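Shared between the two complexes below is subunit A, which has subunit B as its partner in the first and subunit C in the second.
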Partner chain A sequence: MSDGGIGVFICSWGSGKDPKLDMDGLLSFASGIEGVALVKMIDRICSKPGQKEMIAAIKGSGTDRFVVVACSARTKRKLYRHIATSSGLHPLAFEVASVREQAAFVHEGPEAQRKAETLVRMAVEKVRLWVEPPFEEEMPALRNVAVLGDGLMAMAVANEIMAQGLTVDLVMSGGSPKGSPPYIFSNQDEMDRALRSMAEASSDPRMTTIKNASVLDFQGPPGDFGLVLDVAGEMVPLRCGAVVLAPEPRMELRTIDGSPAPSAQELIARGLRRIVILPSGASSGIGCSCMTPRGTLYALSLVDAAPGIEVSLMGREARAMDWMEGLQRLAQEKGIRFFRIDGEPKVEGHAPTVITWRDPLLGDMRLQADLLLLDTVLTPEVQSLAKAFDVPVDEKGELLSIDSRLRPGETVRKGVFAARFRVGNMLYEDMALEAGSVAARALEMLSMGTLEVGGAVAEVDQEKCSACLGCLRVCPYSAPMIGQAGKAEVRMELCQGCGACVALCPSRAIDIYCFSDSQIVAQSRAALGKVR
Partner chain B sequence: MMRILAFCCERGPGEAIDLAGEKRMRYPADLTLIQVPCAGRVDVAHLLKAFREGADAVVLVGCLEGNCHHIYGNIEGRKKVDRAKQILDEVGLGGQRLEMFHVASNQPFRIAELAAEMASRVERLGPNPLAVKE
Partner chain C sequence: MNRVAIIGGGVAGLSAAISLERRGVPSIIVEREEALGGLCGELGCKGVERCVRCDVCLARDMVAQARSSPLIERLGRAELRSVSGQPGDFRLAIRVGGQGHRLVRAAVIVCATGGEPFDAHLDKRLGYDELADVVTSLDLERQLSAEGRFLVPSTSAPPKKVAFILCVGSRDERFNTSYCSKACCKYSFKLAQGLRAIDPGCAITIFFMDWRLYDPRENVRAWASGDSGVRLVRSRPAEVLLGEDSRPEVRFASEKDAIVEVEAFDAVVLSVGLRPARSAAELARTLQVETDAHGFLRSPKGEPCASTRPGVFLAGTCRGPKEIVECVKDGAEAASKAIAFMGGVG
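So, the complex of A and B:
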């Protein structure tokens, strides 16, 4: 398959530091493999000079695919792609032998060396059978975003998107923005500005508001999603380039039986003097387990109104950034007590309630309370949104992010983004930052006007297809369809490359680029030492 | 030396493999990993062919149930493993040589565990008779 031969590049990192791998031995091993036209040791592939050297070597030798013997593709895939394209090759024309993660770091001595050789052999055998996948960068993307949410968060996301010239369809589950915003504002001015921008957004001509809507169906490729909404009993279609889920959190301070937190007057009237506020996450695991500014604010309102009341706040940690620190100092000066908890506190009895817990510094602690309040943050819409868009929910009840540090705001569905609230603080400024960052992710995808599709996608050999519909049933993305010829075809823009249809096809009519049947078999043969 | 071949989903389990490396965990070098885009990519034929090529044990590693990036790819993979196990029992190789494991990205220790589990099974069942014949 390979006309120009295979290039093998060995990153020399570790040849000095890591005595386990004999890099020169690996080099001579690789040059002995049939079809390998070029073997080169590169001093640190991740360094600029290293990359230059590699690109020059590929250009000079005429190889059309290569193997990198270096760090795992998970950490360096973008870099390897960059090297491939800079050398004039297809961006996927490479294979990685991660000899560090799978050999040097986990095995000893000669075993590590043998394993590294096996990995190089497997990568060469796999890349040998590599077939250039289709790549299309011209798939047009719609320049409007559907934002789902009822409150300030959705409005903030919409504002950011409209500021960049895109249009927004705001899909609300209710009839109007929900009551008072649940966020904590640093001052009146910030609150006024927030409410003003919300009002401005709703009158912006670039925004269409759809009220009383729920999502019935969600289909199509990223860049051209098709939603079907149920708007007060009527089915309404909506096309959009991307979707942002921005459910508004609801915060609540409730007693253990679910009634709302009483006012100071009520507490005095009922003779309740000792109040304990516990974040719901500390005892139930749902929500956050930090002391929150909301609890502090409530406590302050109590001691100001009724000086005889004793309030204790508990939490795994207190996050008090910026002006919040002053608030907590003020609370401490007024006699409000803060306790840290380690592990799960034990709550027993009812009026008085006895709470026993472990303080990381003070050891075992015990406190009696006339009234226990739970500090809870709930996002009721999360479940239905998660279901409609097939986005998983994490153990804290938030929409699962694909990687909260490296890819914030992205969900496992390409083109579906989620604004996650910072449960602990509920500061307005934090929420505004989150909204801005999520909007930026959506804009990043749509701003070019086109999307990249293709790569490791499945393809049907129409000659072999018997139209059994197996692939249509198994595909989670509805990518296969029966075409004009009465045979299955896979829509490249929808295919996410999982390969479920390939494994299922009884006629063996489907194969997938970059992970073809022949490649997998060649790799397992190489792994088992069955290659020359 | 045993030959244990593992087909690994490149998402959760792939992440776990890298993490096992970064944490310098030790696992037997008998285990060789082949990364696939999803556990659902693996076919009965891949599993059986591996035995014909001399593997003493074969493993399919997918993400945790309910946690598949492709929704139910790991369940599809499990179906294939169950079918291949039946065939292995029928031909007398023993379905125990094949197993499905579910590993999350933060469970690198499970890679070492599954290697040890399969190694102990191979010790009990002996080497792959197809490989011995050659």
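So, the complex of A and C:
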């Protein structure tokens, strides 16, 4: 409960520019709410003079918590925390009424004003019941990163992290780095350089390589993860500050019975002249790679080695970027044919195989092939990593990023990052960029050396807890445990404040700081116009 | 001196600044315009009924984040005039509108000056010069974001039939733009979805070469086959002419038979691609970096975000066409490279 009263600060965002809201009206509305000790209009809170003014006002008034009536906390939370601590308050002692996004942007006239007022009241009622969370301290983060993956992607991530002075534990599922990388190189020189940097990384003293390893267990808070690895039958513990998952799919051209694509010499020896390459995911259009340079490069290699060979490539869209468009022209000049598929192609017979399909321009088509190759994508590592780290997989079979747009590289698990792979069409350069930006996320987290713990975390009321173990089961972060008193306790450093245990607890013994049941009820009552 | 000078305050530059900030490295953004946001800042949210992930709000979020950061200094209406010193200790002479010159010292330079939308006047055959009802995707987007609807310029009436022509100024050797601009088929798909949502009475035809949408949720074919008001035509129109009823007419090779068809629309939207900024060549001289065959600033192969000069890094569309998310990644990568160049931190 507030002793010093609640402060309400209204950002004018450049006074009068937004005619939809009457900020002065909002100011007098806020002054009328019980328990509000201070109301002040600030000319742009995000400006430095605005911040100073606000800090001085808080210090001078004795309020111990405040409401910011301004833009969304999504982008400004850090700033508001800075204002709180600079004013001598707890960094979480505030609420935000985001009247700009939730009222001014989406409503007109009196409706906008009414909603803005409701938002202010809701924020006041919520912050009124705010209770100081037990901790908000910082814990030193370990300064090494575990990178999981066998291929160039993992190596590129490792290189980037080591370049910034942190150490890397490279955890490989196999015994040696994988050979032919599934990327498209612009020339031999680029490929040589990539393989060379991979070799250099392996001998870097800042890197420890753990081969033939699989993950048995994953525990601990971000900044101090504990992994247990199965290394050739032996249990090996590994501590690290952050984890980067960098699985690399294998992409291969295979025959219909699953054997690898033959070389030009083999084709000549076996008298196979007409080759057709189909994408394995023809119907979905995703992972359709035949029309991209990988298929084209293979076709070119065949035609160059054995001019009598006829190669036809089928696909849906020509997804060639950058210099690769020129490659397709070159291929066409050399007699390689490209066909578009509409719908699902039909494949019948064997040597020759007859393929019939519908081309959107040319209509019904039919082609005979001595050999049919499928462009296949194999992602064996993804599933096992997804399972070990409890990271969901998306519809493309990639590790799910929490929001690939807002927070690229982050997974649902804080401190666990994942590199994404554009199946079928990834330039080496694109891969290097992906690896670099994922490494940057991990470095951002660890390079400050400290991490915050606590804040909006769950706490168990020991009196009410009946030790039903529900919270232990439901928690995705393994935060609750049964303590010495035989009751559930939440390990604060593991809790991410998701609220799953609160919703489940049959005894209503669990509450979350900054989002307590009583706060939510008060806020909801305010929303429904039930004034204290 | 571990400060990074960022030239350009669009998404790539902002992303670099924010990434640096998260790692405790101060930066200064030199922005030509008054406000941050770059080209992205001119665009509008394309979601009408629901979010279509156009990523435009990303730019707004990042502007807000950058503005409130104590580690990010901003110079508006500022223009880079010259660079002296050497990598690790650059001196940048910057002209700030209304304030004369300012000398900025920085260890590293991140260039994020962006590209430019293709100037539709250049492709004379598409009628942007002569026909009032031929607009660019940018014109459409500006009107949608300002007014929430699109009206046919000559009649000020809501359109009943709109054509999108993709790859304008992209994959076109006549303009030295043989590359794919990456963003245009994506934003056009989203703009078209927006138009359909605003007015279900407005039929849409999209003339395309190839769809290059990678997100499985953005399935343009499923959308078109589930909506009778949408037609996809794989054809690159040759001309847009003034029809008899003074509506624009699109001439294109028909998909069905190899014949030329002419079809009238209320409005034609040219989906323009990205090309190098007009100032790119001069900027390259100032920064002493190289450009590529198309005129973009060049990153050596296999070294994304590097330039041909140590201590100068490139981010975003100044080094080639990119979509918004790629620019965000680029910024983070350039920041990372900048920090590594300064010897790592923390």
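We take it that the second predicted complex is superposed on the first by the 279 of 532 C-alpha atoms of A that agree within 3 Å, B and C clash if a C-alpha of one lies under 4 Å from a C-alpha of the other, contacts with A are read in each partner's own complex, and residues count from 1 in each chain.
The criterion applied here is as follows: a residue touches a chain if its C-beta (ideal position, glycine included) is under 8 Å from a C-beta of that chain, and two chains touch if they have at least 3 such contacts.
Quick caveat, the model's predicted, so the values are computed rather than measured.
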item	value
Touching partner for A:75 - first (subunit B), second (subunit C), both, neither	both
First, second, both or neither for A:317, with subunit B first and subunit C second	second
Subunit B versus subunit C as contact partner of A:521, first or second or both or neither	first
Which superposed partner A:429 touches (first subunit B, second subunit C, both, neither)	second
Touched partner set for A:100, first subunit B, second subunit C, both or neither	first
Winner by number of subunit A residues touched, once subunit B and subunit C are compared	C
Which superposed partner A:448 touches (first subunit B, second subunit C, both, neither)	second
Touched partner set for A:6, first subunit B, second subunit C, both or neither	neither
Subunit B versus subunit C as contact partner of A:46, first or second or both or neither	second
Subunit C-contacting residues of subunit A that also contact subunit B	74-75
Subunit A - residues contacting subunit B, complex	72, 74-75, 98, 100-103, 105-108, 111-112, 114-115, 118, 122, 390, 392, 412, 456, 474, 476, 496-500, 502-504, 512, 515, 517, 520-521, 523-525, 527-530
Parts of subunit C lying in touch with subunit A, wherever the complex brings them together	19, 22-24, 53, 55, 58, 61, 64-65, 67-70, 171, 178-180, 182, 209-212, 214, 216, 219, 221, 234, 255, 299, 301-305, 320, 324-326, 328-330, 332-333, 335-337, 339-340, 343-346
Sites on subunit B touched by subunit A in the complex	3, 5, 7, 10, 14-15, 17-18, 20-22, 24-27, 29, 32-34, 36-38, 40-43, 45-46, 49-50, 53-55, 66-67, 69-73, 76, 80
Sites on subunit A touched by subunit C in the complex	46, 71, 74-76, 78-79, 82, 160, 163-166, 185-187, 189-190, 193-194, 284-286, 317-322, 325-326, 360-361, 395-396, 404-406, 408, 422, 428-430, 432-434, 436-437, 439-441, 443-444, 447-449
